[in-house]
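These are the structures in question, set out in turn.
Same chain, two partners: chain A is paired with chain B first, then with chain C.
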Partner chain A sequence: MNALVGYGEYAVSLLTIGGIYAVMALGLNLQWGYGGLFNAGVSGFFAVGAYASAILTAPVTPGHFVGFGLPIIVGIVSAMLLSAVVGWFVGRICLRLQSDYLAMATIGIAEILRLVIDNEIWLTNGSRGIVAIPRPFEDLPGIWRDFAYLGLVAAVVAALYIALELLARSPWGRVMRAIRDNEAAAAAFGKDVASFRLQAFVLGSMAMGLSGALTAHAFKFIGPDATLPLITTFLVWVMLIAGGSANNRGAILGPILIWTLWSATELLTGTLPPEWQIRGSYLRVFLIGLLLQVVLQRFPRGLLPERPPRPPQAERVDAKEG
Partner chain B sequence: MGLINLYLIPGIVLGSIYALGAVGLSLIYGVLRFGHFAHGDVMTFGAYATLSAVTLFGLSPLAALPIAMLATALLAILIDRLFYRPFRDHPTIIVVIASFGVALMLRSLVEIFWGADDRTYETGIRRPVAFFDTFMIAPRHIAIIVAAVVLVTVLHFFLTRTRLGKAMRAVSDQPSLARVCGIDLDTVSLWTWVFGAGLAAAAGLFLAIDTQLNPNMGWNLLLPLFAAAILGGIGKPYGAIAGGLVIGLAEELSSFPLFSDRPLVPPDYKTGVAFAIMVAMLLWRPQGLFRGRSFE
Partner chain C sequence: MSAIIAVDRITKRYGGLTVLDACSFEVPRGSITGLIGPNGAGKTTLFNIIAGVTRADHGRILLDGADVAGKKPHELFQLGLARTFQIPKEWTRMTVLENLMVVPRQQAGEGVLAAWFERGRVRREEMAILRRAEATLEILGLSGHRAALAGTLSGGQKKLMELGRTMMVDAKVVLLDEPGAGVNRTLLGDLAQHIERLHRGHATSFCIIEHDMDLIARLCDPVIVMAEGRVLAEGKMAEIKADARVRAAYLGAASPGMAAA
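Showing the complex of A and B:
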């Protein structure tokens, strides 16, 4: 029975983290899948959201005096707003660049933010991180607490999915895809390419900030390690590409599958003798990189490829009547 | 004198390291047309390959450099065959994503084989050599600067005096015209990897001599390398060398206490200087100081 509870708890935590990654991947899907914008600084936006919510909601603790003790919802909403503001600034500067340069510029922003987190100890508590971040549903008993949080994450994913699906099917979504596939043609039709791109970038950044806030509250802790590019940027890219970019269902399936795989391999390396465990963890990273290569070469469209909505049927003009 | 000893010399050393890395980045961009995001990790591999040569054959790090350059060049050719060439006819961005994956794989390989701890080639403190009593320079800094000058000279003669080097520049400047002239793209790209990766290995070794070996050393350099390549006009090898020196000097000089007894920029934010220069270039002079390709 205890073993069963253990498995249950494991599954719940797996799905919770997978769901948080799905929020991130949905945001990236908006930028890359629909907008064709190569954001290689996902970890930066994630960090902005995580730290914003953590600082606003954490109580003042001895040894670290920044903390406002505000309600969690205030933290989460502010996290999204702040990520949107950062996304807007980055987008204004970088979106006119070609893909490689956009990647470089976004990496740069993420690395600078990491420097700030490591060094501005008065704000972020440096490498020790922020502790005692409140978590919703903490009054519930035992596993129900985790279930409730999973429910919250699932609700966020569902809401985001519905919103993005509506967006993707709307005229806005069609314009985004048009810009991605043929920028010149879209511009020739009078679409303001720069403005559409900026909108997609800001909305995607908001989702990434949201996922950061959800992570901070899930672990009740946020430290600089959570903002390492490997843990966020790389993994979420692999998740989105494996799941299928420009397909919101793929952006949910990919994270859950890859996160399960990632955690399962951790269990495997855990069974190795101690002197091999550390190497095993690097081997997992290597395999994630290799997985990305295999997906790119063999299944470039991902598990759930893009299915553009069918254009609305033009009214048929009957030849006889005409 | 403090300015020269503590800021200018380290700036030139760092600049030489950046220059060697940025040349490869710029050449690869020019010939193969993509931003090689695994370049920093190729540098890391070069530094660790040197470490193995040093321990295996008991050579000094500089003597082991040719072995490391060769090993790194072979690795780069292998990576190109396996992970980049399949996407030659795809949109550039796919190769860029692939190079991200390669960066991750290279770093974890280094961690698997050499461990994640900081390493050094040799232990012990060596005193700097003093000239004219006040002008001091560490022997390792002399070695780095001299070796960098030698390597850049070799590259210069290769690019200007050999058929292959001229072909490389031609492909970089005018790919379609170069193809019409019968230049074999496969050979040119092969040698681009040999030179790019070889110089990256040297840059990695010099960085490790100057500081220490760490699996993240190369990744952390990616930003200044791109900044240098962009500053010099991407696709322009000579521009990249100048760009590397400028960025290296700017980073070191930025912590000089010019107006007060506090550094201009806190030393922790040195990388930020490179980034600020890069963003400024992208915004106001995207073709680079020396007229490279535009990237809008």
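Showing the complex of A and C:
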């Protein structure tokens, strides 16, 4: 029985974190899958959201700047808004760059943000991180607490999926894919490429900020380690590419699958002799990279590849019949 | 102003190479103007300057009488200019139908908020756009490919689809860069017919770059001959054919099209 509860807790935690990664991947999918924008600084937007919500909601402690004790919902909404603002500024500067330069610029910005977090101790508490971040549903007993948080994450994923799927099927999404496929032709047919790209970038950044906030509240703690590019930027890219970019379902399936496997590799490297443990994290990256290669051999465009939406006529016929 | 497009002493250099050399001509309103000349004459570069893609070093472009200096490609489209590309720029991972449906101006559903909250209105608009796109594909004989990804079409089909994109709006003027290239001979006759029909139906003017002299002779008046960045001759096809300088330019460039014509 105890073992069963243990497995249950493990599954709940896997799905919760997988779901949080799905929020991140859905945001990246909007930028890369639909917009062709190579954001290699996902960790930066994640960090903005995580720290914004953490600082605003952590309890007020005398003699300490960190902590405003605001309600969690205020923290989460502010995290999204701040990420949007940062996304807007970054987008205004970087989106006119070619794809590979955009990647470099976003990596740079994410690294700057990480240095800020490491060094602006008055704001972020530096390497010790922010503790005692409130978590919703704290009054619930035992595993129900974790279940409730999983429910929250699932609801966020579902709402985000619906919102992004509506966008993807709309004329807005059609313009985004046109810009992705051929920018010059989209401009020649009247589309304001810079404006559409900025919109996609800002919306995607908001989702990344939201995932940061959800992480901070899930762990009740946020420190600079959580913003390392390896476990945000790198993993989320693997998740999206494996799941299938330009497919919002792929952007949910990929994270859950890859996070499960990533966690499994931890169990695996845990069995290594102690002198190898230190190399374990490199081994995990290697294994995940290998896995991505295998997936892409078999499914070159991801497990759930892009499928153009059906034309509106089909829906009209359905509506008539129904 | 009788010209829908006036090209006024346009000069363009790439490094030491003068691609356009104070080039001037007009596309009369309501005409189908042909633009011919050997490869490298600067025709495509001129199209790109008119469409706002490339900036000229000197000179002006007047669109419907107004100087369009500094206008971006998407702004020029809003002003009534539509174009195709010498090398097709299809949206590869989108269906042929979608490639046409992208085009219409000012779609309500291109706004994020409308896409979320005004879905009834967007749907109604989509139905109208869909009908126009399907009618266009029907005319072009591409209906069978409506659900195909544009990247999978043949070169000739892409050319037709690009023409179709320009048919999704009531443009003031359409620039076609070698619409017949890669299109087989039977389809070429159809293509000419489509352009004639568009020309009759709307009050749209055309400027067509083309190497197929039969197509030019059938459709275009006036015909402008460019060579080495300048206008060499200009007039009806019959006059052009008789022009010794034109023959020399084409023979010099060893282009069989004109030599045979």
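Here is the rule we use: the second predicted complex is superposed on the first by the 295 of 322 C-alpha atoms of A that agree within 3 Å, B and C clash if a C-alpha of one lies under 4 Å from a C-alpha of the other, contacts with A are read in each partner's own complex, and residues count from 1 in each chain.
To be clear about the criterion, a contact is a pair of C-beta atoms (placed from the backbone, for glycine too) under 8 Å apart; a residue touches a chain by one contact, two chains touch by 3 or more.
The structure displayed is predicted, hence computed values, not measured ones.
In the overlay built on the shared chain, the residue A:I278 is in contact with chain B alone; chain C does not reach it. Judged by the touch definition given at the top, the superposed model places A:L97 against chain B, while chain C stays out of reach.
Contacts of A:F38 after superposition on the shared chain: chain B is touched, whereas chain C is not. In the superposition on chain A, contact is made by A:W237 with chain B only, not with chain C. By the document's definition of touching, neither partner reaches A:R249: not chain B, not chain C. In the overlay built on the shared chain, the residue A:A188 is in contact with chain C alone; chain B does not reach it.
No residue of chain A lies at the contact with chain B in one complex and also at the contact with chain C in the other. Residue ranges of chain B in contact with chain A, taken from their complex: 29, 34-35, 37, 82-83, 86-87, 92-94, 96-98, 100-105, 107-109, 111-112, 115-116, 222-223, 226, 230, 266, 268-269, 271-272, 275, 278-279, 282-283, 295-296. Put simply, chain C touches chain A in their complex at residues 51, 53, 72-74, 77-78, 82-83, 85, 89-95, 97-98, 101-103, 105, 107-112, 114-116, 119, 122-123, 125-127, 130, 149, 165. On the chain A side of its complex with chain B, the touching residues are 36, 38, 40, 93-94, 96-101, 103-105, 107-108, 111-112, 115, 118-119, 230, 234, 237-238, 241, 278-279, 282-283, 285-286, 288-290, 292-293, 296-297, 300. On the chain A side of its complex with chain C, the touching residues are 163, 166-167, 170-175, 177-178, 180-182, 184-193, 199, 203, 246, 306, 308, 311-313, 315-316.
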